[in-house]
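Here come two complexes built around chain A, the first alongside chain B, the second alongside chain C.
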Partner chain A sequence: MSISTPQQRIRAVREEYSLRETLEGYGFSVPYLLVFAAFLVYPLAYGFWMSLHDWNALFPDRTEFVGLANYQTLLADPQFWNALGNTVYFVVLTVPFLVVLSLLLALGVNRSIKGRRVLRTLFFSPYVLTVSVVGLLWQDVFETNGLIAYFTGFVAEPVNWLIDPLLAMPAVAIATIWWTIAFNFIILLAARQNVGEQLYEAARLDGATSWRAMVDITIPQMRNPMMFVVITSFLSSFQVFGQPYIMTDGGPAGATETIVMYLYRTGFSAREFGYAAAVGYVLFLVMVAVSLVNYFVLQDDGGTSA
Partner chain B sequence: MSTVRSTLNETIGIDETRLRKFGVYVAMYGAGILFFLPYWYMATQSILPRNLIFDRNPHLIPPAVTTTWYEQLFAAAPMVQWIINTIILAGGVTVVVLVIDSMIAFALTRLKWPGRRLVFVTILASFMIPAVVNLIPIYTIISSLGLLNTYIGVILPLSGGALGVFLLVQFFKDFPKELEEAAQLDGFSTVQIYAKLILPMMKPAMTALALFTFISTWNQFVLPLVLLQSESMYTLPIGLVTVRDAYATTSQPGLVMASALTASIPLLVLFLALQKHLIRAVELQGTVE
Partner chain C sequence: MLSALGGSGFIALAGCASGGGGGGDAPTDSETGTGSSTPTGTPTATAAPDQITLDYWTLFAGGDGATMKEIVDTFNEENSNIQIRRQRIPWDQYYTKLYTSLSGGNPPDMCICHLSRIKRFGEAFEPLTDTLDESSYYSTSYGEGVVAGDLRSAPLDILGTGTYYNKGIFEEAGLDPEQTMGSWSEFKEKIDTVVSETDKMGYDPGGALHGNRVYYPWLRQMGNVILEETDNGWEMGFDNEDGLKVLQTVNDMRANWEWFPKDTAVAFEQFQNNGTAALNNGTWTYNAYKELDLEWGFMKAPPAPGMGLDENKTWSNSHSIAVPTSKNRSKEKTDAAKQAAKTITQDYGLLWGTSAGHIPNAVQARESQELREAPVWNKTMETWFEMLENDEFMYVPRTRKNGQYHQAIYDPVTAVRTGNMEPQQALDKIKQNLNSVWK
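For the complex of A and B:
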């Protein structure tokens, strides 16, 4: 089998597959594959091609090949580093809460408390809101005479969080946590319900406290869903766009401009398409790196605790 | 040690598990209130009269109510048109995704053809591509196809995602082979097996995928923002921001909150009606690992 001439291989394929079924297989696959190729694979390659050009959207014939110049300009642009730094800051502000809070909410709703169905509905409901609703609502919530100031008013002079350089990003992060925790919450709730109760009974007979049961049973049993939640939270936080776009427009003084906003601004305001495509590619590489680091760190963690 | 503690608790009259239970209630209901307050705030702000809405402290229980913001909103902005537009777009993507994803999932799981493993692995690998990376090239491609400011130009780029294929493959592959063979003996063609056997049996999976696709398309922001350019074509999420921007100089929180609440109602109703299916749709994604 392993040593075969091309002719032998073709004969083997002919024997293994019927022509009719092969044609049907291609026929059923083609519609999806066309869309997949045209709007996922091709843009990925085309975007890289664009990033090597000084792209002129209005006069395509004035487009010039510039090699890696866009990437050089990018790496020398303090606004790019500001946007990257802001994005990392946003990730740090959101991901831990999106993971830990959703786990706590899931464990709480899993207990036999009164009204847990209402609570589940409530925690899940922001999932169906569009980012515009979330952005507009929370923009008002953070106003000087808004909901947050109403509660902080007892201890501090009310301020508009969104025009304060130190508070603007935390405000965007809080709105994001309220909005996106729903997805993680449902995933982790399902994961918790899949952990067999007999494990907890055995632990109880052994005299384990509920804290130990959580550390020794709940967390290890929910390992894969937890990993899924961590990675998807990282990826979506890295691509944050709508919330700061709507709530702050990147302000004050660029304090909340994220990497995707920078891409949007250079692409659609400045019309630097080649440059913006390069920003997209850098973001892509950063995200692949983050996914790999995540994967190995989480793997490693399992090794030490097991 | 624990017996000492429990006797101690018994003598003071506090049961440790009851105390813990009380703590859980406080934490969970506290969180519940925090999740509920923004909704309540949105609703009350949208019915507060102008003379109260700028008060230093928000009125969580409105002393007086008005419908003026809703009247102004519907007079100033084509909200109904935007809702219809969003339904067209979300419905269009949902139909396309259900058809093409179920077809290829059928081919990948029920038919034997050379290259199918490679195709599946390639589709899976595309999970690694973040959507925004393709934003600029997709704009350029759609523009050169002459499809800017059309729904088909937004529907196509939103229909190529790998998630639906992956989900359906998980279900289709568990379909019992005997049923398929029985149908073949009855003279079913491949197309009939797909349309009359597999699809009806896979209704739960298809429903979950349909719901998930509809909602995520309804809420799409950045792609419609760059691809749709005239007000009459806008989707709800884009339209809302233009309403806010049009009134930014005068700042009309009542009107903006009325627009936000109006925009959330269709999906919140859908959510309350189909919550079970939707939970299922989200849970399924947790199996993508």
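For the complex of A and C:
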């Protein structure tokens, strides 16, 4: 009998486990739930409370309740919209590449080619670097006397990408793709290795071409891990902070200031904690919306692997 | 409890940024050199039973850091009953850490604070009015340190900016390196000569806030204020023809006169490599340049475009030493910290001037003969004193949002400097940004 609804699942668990076993299960969960409540649920609620105040951390007695005024101000704040627009632009620049390139790399090194172990190591190696190293490294690459200018200097005037409003965000995106693609690559490589070889054998017997096998077997079988990669890439790109912070500090003229940078600047530079909490809540709502999309898409469990 | 947890709420909402975190507060009006990542402390000798140990946070790196270390070491040698434990915090994280320590109820016993920042902290610092006599300090700085009727931080120095120039390049261009430049037209003519007669870069006011330290005085000399106080906060004080003229000059220096290239940092970095004839820099530069294998000179910053030296102004600020309030500290310790702040600013102000190159704030140091006989006098200090006597130093408006308003201005100015924005567009953007700061 297949179990489809949550109620049926709960009933099945009740029938399968004794009361003692159930209590033991909850007992093992309690430490995590306490940590979860203390470090996520409580700050989450507290953050919302803060967002309703003109918060003064230095002189708490001067904190004033302002209701939804912070949200109202935020909606009319051009710097907030600029940061949100930059963030969406960054997501558009990075997510397609992070998904498609990592898939191509995974499929490539999954083949029986010479040196594939070395290639796997090479593709993964940038991921072990810290954001500071990545930021400084790519800052050097993109500056006027950097690597790119060195090679393009023969045909064009050297340009510092990071001070050009049109090139700055693509530069940050390139650095991010180079750095974080390894995570998706490993996930998709594992997913590809999990696809049964018998499916390809059967396809070959039926005369399917490599392209057909990829479209009809590989992609459908890797559907869930690919959705996972899309969603996590979106979430991490939406929260980008370290790379623009180090490479451009949000410039030139705010062209690379992202929403988390704006939140950080408002909170820790300007110390407008209530307003920063409101920015955080808007970011939180976007994250929740994406997570819900993730949840409902994965509910439709068509094919499975990984 | 509430204040200690102040920042946790929205951080939880943002989650951990996928790209990892950056360090701290973006530098906005710090005057010291580049930071290192490791705080350094001055170890103290084994404490005597009645000895008081004071934690002292500073942000000085490089030569300033070495001078402050010397001051603290000397203080510790001369005061067996009070020992100062110095801790250096990288300047880009300094004010964030200071703010967090204050809101968390665990601040240091003494700390450096720029007077431009004093309004943000204000009553979180102990009143020093009873400890420090106003007549012992430069009166303007003393006034800048007053919040809610009390002096909140002991002024250590007076900071300013001027023009450092390469004498060799001036000679190469056929100019007399010993002849200083008075009016704007004289200045422009000479820098234009350097550009046309040599392959060197002409003059760089510096990017971001650094450049603003030239443009703010220009605006003031033209008769404007940077900000005007209103009922709802502050608003732009130069949304007019003067503001546009300054921005047009920023654009001309790069685009039409070719004084510096598009890339913000290049001309500035090349001064030490004999590649740039002149640049704008501060009192702290003496310490960095004194060992430089380069014949350099120093003169006032150029006056506003089209103007002479009448009503000339220079940007100014001060390092000061504050004693943060703390419920956990005894009165005896707080009094010791106040006395230490007084001793460092007054008794060691001379060393701060002769070694670090900053203008000592305390009268006794400023009037000393030793200062006039020190190498710093001929290099820079004599000119600073002339400017001081002419009342040329201007402190920027103190608000609770100094870092933000500077950035609101320098972002569009930098865009003009790098050729990414037209002057009028930048002027409009500055107005929009400032309205956002006081939203």
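By our rule, the second predicted complex is superposed on the first by the 250 of 306 C-alpha atoms of A that agree within 3 Å, B and C clash if a C-alpha of one lies under 4 Å from a C-alpha of the other, contacts with A are read in each partner's own complex, and residues count from 1 in each chain.
As a convention for this text, contacts are C-beta pairs under 8 Å (C-beta built on N, C-alpha and C of every residue); 3 or more make two chains touch, one makes a residue touch a chain.
Everything quoted here is computed from the prediction, not taken from an experiment.
In the superposition on chain A, A:Val215 makes contact with neither chain B nor chain C.
Within the superposed three-chain model, A:Thr176 lies in touch with chain C and out of touch with chain B [touch as defined at top].
Shared-chain residue A:Ser291: touches chain B; no touch with chain C.
In the superposition on chain A, A:Phe273 contacts both chain B and chain C. Legend: residue contacts after superposition of the two complexes on their common chain; A:Val141 is shown touching chain B, with no touch to chain C. By the touch criterion stated above, A:Val35 is placed in contact with chain B alone, chain C being left untouched. When chain A is checked against chain B and against chain C, the one touching more of its residues turns out to be B.
By the touch criterion stated above, A:Val92 is placed in contact with neither chain B nor chain C. Of the two partner chains, both chain B and chain C are touched by A:Phe241.
In the overlay built on the shared chain, the residue A:Thr130 is in contact with chain B and with chain C. On chain A, the surface touched by chain B in one complex and the surface touched by chain C in the other have residues 39-40, 43-44, 46-47, 50, 57, 130-132, 143, 235, 239, 241-242, 246, 260, 263-264, 267-268, 273, 276-277, 280-281, 283-284, 287 in common.
If you check the complex, the residues on chain C that touch chain A are 2-3, 5-22, 24-26, 28, 96, 99, 102-103, 120-121, 123-124, 261-264, 266, 401, 403-404, 411-412, 414-415, 418, 420-421, 429, 432-433, 436, 439.
Those residues of chain B whose C-beta lies close enough to touch chain A in the complex are 2, 20-21, 24-25, 27-29, 31-32, 34-39, 41-42, 45, 54-58, 60, 96, 99-101, 103-104, 106-108, 111-114, 116, 119, 123, 126, 128-141, 143, 156-157, 159-162, 165, 190, 194, 215, 218-219, 221-222, 226, 236-238, 240-241, 244, 253, 256-257, 259-260, 263-264, 267-268, 270-272, 275, 278-279, 282-283, 285-286, 288-289. Residues of chain A touching chain B in their complex: 13, 16-18, 21-22, 24-29, 31-33, 35-36, 38-44, 46-47, 50, 57, 104-105, 108-109, 111, 113, 115-116, 118-119, 121-133, 135-138, 140-141, 143, 145-147, 150, 153, 158, 178, 183, 186-187, 190-191, 207, 210, 224-225, 227-228, 235, 238-239, 241-242, 246, 260, 263-264, 267-268, 273, 276-277, 280-281, 283-284, 287-288, 291. Per the touch definition, chain A reaches chain C in the complex via residues 39-40, 43-44, 46-51, 55, 57-60, 63, 73, 76-79, 130-132, 143-144, 160, 163-165, 176, 180, 235-237, 239-243, 245-246, 249, 251-254, 260, 263-265, 267-271, 273, 276-277, 279-281, 283-284, 287.
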